[in-house]
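Both of the next two complexes hold chain A, though its partner changes from chain B to chain C.
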Partner chain A sequence: MRSGSRNALQQGARGDRTGNVSKLVKAIGRNKHAYLFLVPTFLFLGTFSYYPPISAMIHAFFRWDGVGSGVFVGLGNFRELVTEDEFFIRSCLNVCILLTFNVLKTITMPFLVAELIYWLWRERARYAYRVIFILPMVTPGIVVTLLWKFIYDTHIGPLNRFLTGVGLENLAMPWLASTKIALYSLAAVGFPWAGGIGVLIYLAGLHNIPADIFDAARVDGAGWLRRLVRIDFPLVLSQVRVLTVMTVLGTIQGFETVMIMTKGGPGFSTLVPGLYMYRQAFQYGRFGYATAIGLLMFLGILFFTYANLKLVRSRE
Partner chain B sequence: MTPTRKMVPEIGRHAALIALGLLTLAPFIIMLNISLKNDAQFFTEFWTLSRPIQWGNFAYAWDIVSRYILNSVIVSGVSVFGVLFMASLSAYSFARFRFPGRGLLFFMVIGLLMIPGVLALVPLFSLVQHFPLAGGNNILGQGGSGLLNSRWGLILPYMAGGQIIAIFILRNFFEAIPQSLFDAARVDGASELHIIRLVVVPLSLPILITVGLMVFLGTWNDYVWPLVVIRSPELRTLPVGMAFLQGEYEIKYGQVMAGYTIGCVPLLVLFVFTMKHFIQGLTLGAIKG
Partner chain C sequence: MPRGKCRVPAVVALLLAFAFLCGCGPGTTDTSVSAPAGSEDTDKVRVDLTIWSGQYEQAFKKVGRDYEKLHPEVRVVVETVPSNFYQAWQQTQLVGGTAPAIMQSHWGNLWGKSGLIICWDDYIDNPNPYTGTVWKDLFYTENVDYLRDEAGRAFMLPYDLVFTGIYYNKTIFERLGIDRIPRTWSEWFRDMDTSRRAGIIPLAWPGAEGPQLEWVCRMLFDCLCRDKFATVNQRRAHPEETYPPLTDPTHGYGEVLDGEEAAIAFSNGIFDPLNNPEFAEMAHQLKRLVPYLQKGFNGADLREVSTLFLTQRAVMMLDGTWNVIPLQEDIAELQPEDQFEVGMFRVPTLTTDDSPLVDAPFRDVGGPGGLKFIVTKKMAPERVKWAVDFVQYLTSTDVADYVFSHTKLIGPSNLKNVDTGSLFAIFKDAPIVKMDGYVPDEQALDELKAYLQPFFEDDLTIDELLERWHTIYSRGTERNIVKWEWDMDLATLEE
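== the complex of A and B ==
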């Protein structure tokens, strides 16, 4: 149907110019409802979805306090960020470490859980476990974050209580208050990293694998580990890709976990670019500088998404 | 193969799943357990169930948290209806009309999926603060606080952001409705709005619910935007309210945990009643990222 309308336009192009224009006017008039129905959407998108990112791309080159148009500084913001701002550079390293852990977390444990659930005998049991592992997603994310902050608490937190209780008091640590381990504590949030959307996505992937592939593997006498490595995992690679992209986007953009649990500290040992951008704008009023950070994060997201697509595709 | 030999891996799977499930739910189990303790019980009997059970914690926490829940219900509810209304109109337009510029306009909607929220955050704040003719602002957006510290400062951007993926999903669905139904309605003299109300919406109810839940979850869990927009404690949404629970109120550990527990209830209730759509909405929302 779409090509039909294109043909009509092409035919119009072959005719004389006035005929072309009047045909266009007629086509627009005939479809006036179509345009009318788009008006609210485009009013909203224009104001709240188009204007801000365009403003960001412009103001990244300005010294701007959020009011008026600011002072043009060329690449000044970027030069300062990349060459002078050790907080920003540290925050980029931090987010790379978190990124590595988070990607590993989301592609391994949920896959294992999905495998365990998929090969259960009874549909009832599969359903019940599925619900159990979704439950963390059904609670507000903020509650999970606040609970982990509590779990890590040096004095009253369950983790140190547990370690002391079982005689491992030398392992009890100031999990979020030590510059050396705070970042890794953040990376470990959600242990055993088994719940969540990954389980559902992998289960859907496993269900898409034709049964005769499994039958063939069984006939060939492949054990479960061999089947898992040689069949199940390669056949859910597209799910791996989806989860990786999701995690990369979420990790680079999401800073509320860091903000709530450590505020980027102690010192700037857990600072991430998103939080740094937030502070530059809302604490120091450096809106131009903040949008420059946002623009670099956008480029980072584009880079990682592209690299991931290339990488996983070449392996397939 | 003997049945016993086949039983072993099955039991192993159950054991592994139960262990992982317990660890996954452990923070919530700890939360529930503490929510029933007073401070003395919290310090002396941390791991065990305490007697007497402190039901009063929930009454105390409810007085604080109920307001946040109401705020979140209003903000998310209005956003969901706004998104569904505008996205249905646009998706219908893209799905059932062949008009000049259709491809370009559709691309202009979908292209926004590539723009991450983090790029827009800071200028969006400035836009909301200097929104013309709102919150004491003049027509140039100066003089007042704009949409800051009002529910509209949350709802209007949510209504824009939620539409993008909604239009994409709904358009695919609306395109699959048989043309004969539309022809029949038009023969009967139904106007376009009638067709949407009497043909499209009833046939698309499941997908509308899914999309609605997706938008609801996204706005319900949002933390950073309400944090910067809302100043008055009485307008705080649930996530912001819960983050400020400890520290701003004279509140004990048991009461904090009771507050977190109460904060979990609305989504759980929604989940129980709309399980299938909820999971779809969750998956769509996650993939949209």
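== the complex of A and C ==
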């Protein structure tokens, strides 16, 4: 292309851009009151939703005690975390074990309960069971956690009392006080893991499956197990994806249950990164180090979420 | 819509948004003197006092009203803030310049280093206007000195004291034929054996909580390593004071080993868990307790321990003086046939019968651990003046006497002329552990606890424990050197 025509094109493009900008400015000017009303929303969004994580990302590279601006240490916090900090590494392993259990719990039990409810004959019964399984959701999480702490109590807990009462006292043990079993006791909290939002989401997914697919399966002679495995489950995979993402987020970020029930102990057998981050920040005053943990947690969540999406999408 | 009418809501919305965001902006120094706008006392100087020890609230409010009568230009506001997250709350308030004038605090030396609070040394040598005597003479000054930072500055003013000891069920002791309180570790174990044989848990232990383990560790370390202190404690923050020497087992107060001294001792191998048999001995003596503790002690919290004690399934528990009154109240609420008499004794001492490494008897863990006053610096000078004046008022003998006699006490008073009666008499003149040298900081303490617990369960050998203890100490020392900018030279003091 000759240079003259290229210049003309470039000028034209620049002119177009200038024209677009001036059009945009004029449009904003015409609707300035509407934009003024939007300004507080964006200010709040920026202040409360974007500034804190961005600030955290920056402070992850600082030695910072929460006062003043801190000292830049480059990747020092991350190096210490992954090479020297046995507690952080153990907390990551613990959260991986919890994650495995939680994902399995999320995928299996609520799905089975949703199936049972969905295939009930009477609409009235279906409604009643839906309510029965959803009602516990209104109980605050903290109450449920404290209840389970009581259930696990070594001396007065109903679990050990039951085991002793039926002659299985050798199975009665300090559920939350032994380094060997405390993490698995935490993973079992909420048994039989059947209620909650998962059931609702799976039910919605089952309702979306066209009835003629079930009819075709019936005509083809598929039994309930084959239908469950070959039709129902594959067709609610998008619900599985949503629930798995929610579980991954909740497990990696959450530490309330651990904090209330075991405080990360005994030893570091139930320590999770969220609790460790909290301690570093608010107990030891190492805010820079804590934000580095937060950043690694964010990357972990990103990885698991991406892996899950990829996995489920390929199945779909 | 006419343009003029349209502008009005937009401007109002903008102003509201601006006003709201101003509240979210970075903090500035609170230079205002007066009470909050909207109150009736906008022309008065606001002196606000925030505590987490809620038992003082009513008494402080009463004396606050008396103070307002004395000084009509001042308005006193007393508030209790929940102890959870108090440190983080206090830090944000101080940094943001919105902190109350007077606060209860354990972290005064940290805030003082950052210039956020006043130093009491500028005031305590002057007379207290409410007594006419030199202010510091009203206190047991050794407790004020105990809290001084490495540079010897006093940022916290202790109002009361707390001690730790063994609570015991007198009724069960009598039933078991234990007719005298154990004074030594051997006697204590003998009594615990008696209790265990009777099917009663000898000692209820909250393994999920930090402090109890820390207290015993401090006592053991102090007892086993006393011979090292003369070597380690090279710097005297207050050379003008003449305290008894550290090696004197009977003295109550003395020089405090500071962090830099401990760090140097570790670097020189004096406080190194791998080099010193005292650390292994500490672990060994702690593990001797395990057979006498309740099943699942590693995961037990204070609630569980209190339940075991109150239901008489455990005969002893280790706790602080702050539990004396709550425990008596709990026992009073039991059915008459379930009630029992409770007593308290000082933790029995380890002797050379138990370990050849013992240097000196146990000293108690306690001291100024309850209410300590700090005063915010980032506020108008007039408010600082009145805040100091109000603390002077609170510590004057008559006022303090009223406060301590109208409060559920957590321990004895730190004011010389205020008598807290026989309740805490066993701790009168009790020698106090001053040496923290077995771990360098709070994080290291938590980490040590996390390794001790599997050690108690036989999941970790003593060699593995000592190796990890060394690593913990090393990392903690490095953290401290960076945090406090120590040059590891005792001739200099870092600011």
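The rule is simple: the second predicted complex is superposed on the first by the 294 of 316 C-alpha atoms of A that agree within 3 Å, B and C clash if a C-alpha of one lies under 4 Å from a C-alpha of the other, contacts with A are read in each partner's own complex, and residues count from 1 in each chain.
Here, a residue touches a chain if its C-beta (ideal position, glycine included) is under 8 Å from a C-beta of that chain, and two chains touch if they have at least 3 such contacts.
Please read all numbers here as calculations on a predicted model, not as lab measurements.
When both complexes are superposed on chain A, chain B and chain C end up clashing with one another.
When the two complexes are overlaid, the chain among chain B and chain C that reaches more residues of chain A is B. Looking at the shared chain after the overlay, A:Ile252 reaches chain B, while chain C stays out of its contact range. In the superposed model, A:Val21 makes contact with neither chain B nor chain C.
By the touch criterion defined above, A:Ile213 reaches neither chain B nor chain C. Touch criterion met: A:Leu176 reaches chain C, while chain B stays clear of it. In the superposition on chain A, A:Ile156 makes contact with both chain B and chain C.
Contact with neither chain B nor chain C is seen for A:Leu311 once the two complexes are overlaid on the shared chain.
In the superposed pair of complexes, A:Arg279 makes contact with chain C only, with no contact to chain B.
In the superposition on chain A, no contact is made by A:Leu75 with either chain B or chain C. In the superposition on chain A, A:Val67 makes contact with both chain B and chain C.
Remark: of the candidate stretches 56-64, 128-136, 164-172 or 218-226 in chain B, the one overlapping chain C after superposition on chain A is 128-136.
33, 37, 40, 47, 66-67, 156, 282 are the residues of chain A that lie in the contact sets of both chain B and chain C, per the superposition on chain A.
Note for the complex: chain C touches chain A at residues 6-7, 10, 13-14, 16-17, 20-21, 24, 85, 87-88, 91, 95, 110, 114, 207-208, 294-300, 304, 307-308, 313, 441-443, 446-447, 449-451, 453-454, 457, 459, 475, 482-483.
Every residue of chain A that touches chain B in the complex is listed here, in rising order: 1-2, 4-5, 9, 24, 27-28, 30-31, 33-35, 37-38, 40-42, 44-45, 47-53, 55-57, 59, 66-67, 109, 113, 116-117, 119-121, 125, 129, 132-144, 146-148, 151, 156, 158, 161, 165, 191-192, 194-195, 197, 200-201, 224, 242, 245-246, 249-250, 252-253, 255-256, 259-260, 274, 277-278, 281-282, 287, 290-291, 294-295, 297-298, 301. Against chain A, the residues of chain B that register as touching in their complex are 9-10, 13-14, 16-17, 20-21, 23-25, 27-28, 30-31, 42, 46-47, 85-87, 89-90, 92-93, 97-100, 102-103, 105, 108-109, 112, 115-127, 129-130, 142, 156-157, 159-161, 163-164, 167, 192, 220-221, 223-224, 228, 238-239, 242-243, 253, 260, 263-264, 267-268, 271, 278-279, 282-283, 286-287, 289. Here chain A touches chain C in the complex through residues 33, 36-37, 39-40, 43, 47, 63, 65-68, 84, 87, 153-156, 173-174, 176-180, 182, 262-268, 271, 279-280, 282-286, going by the rule given at the top.
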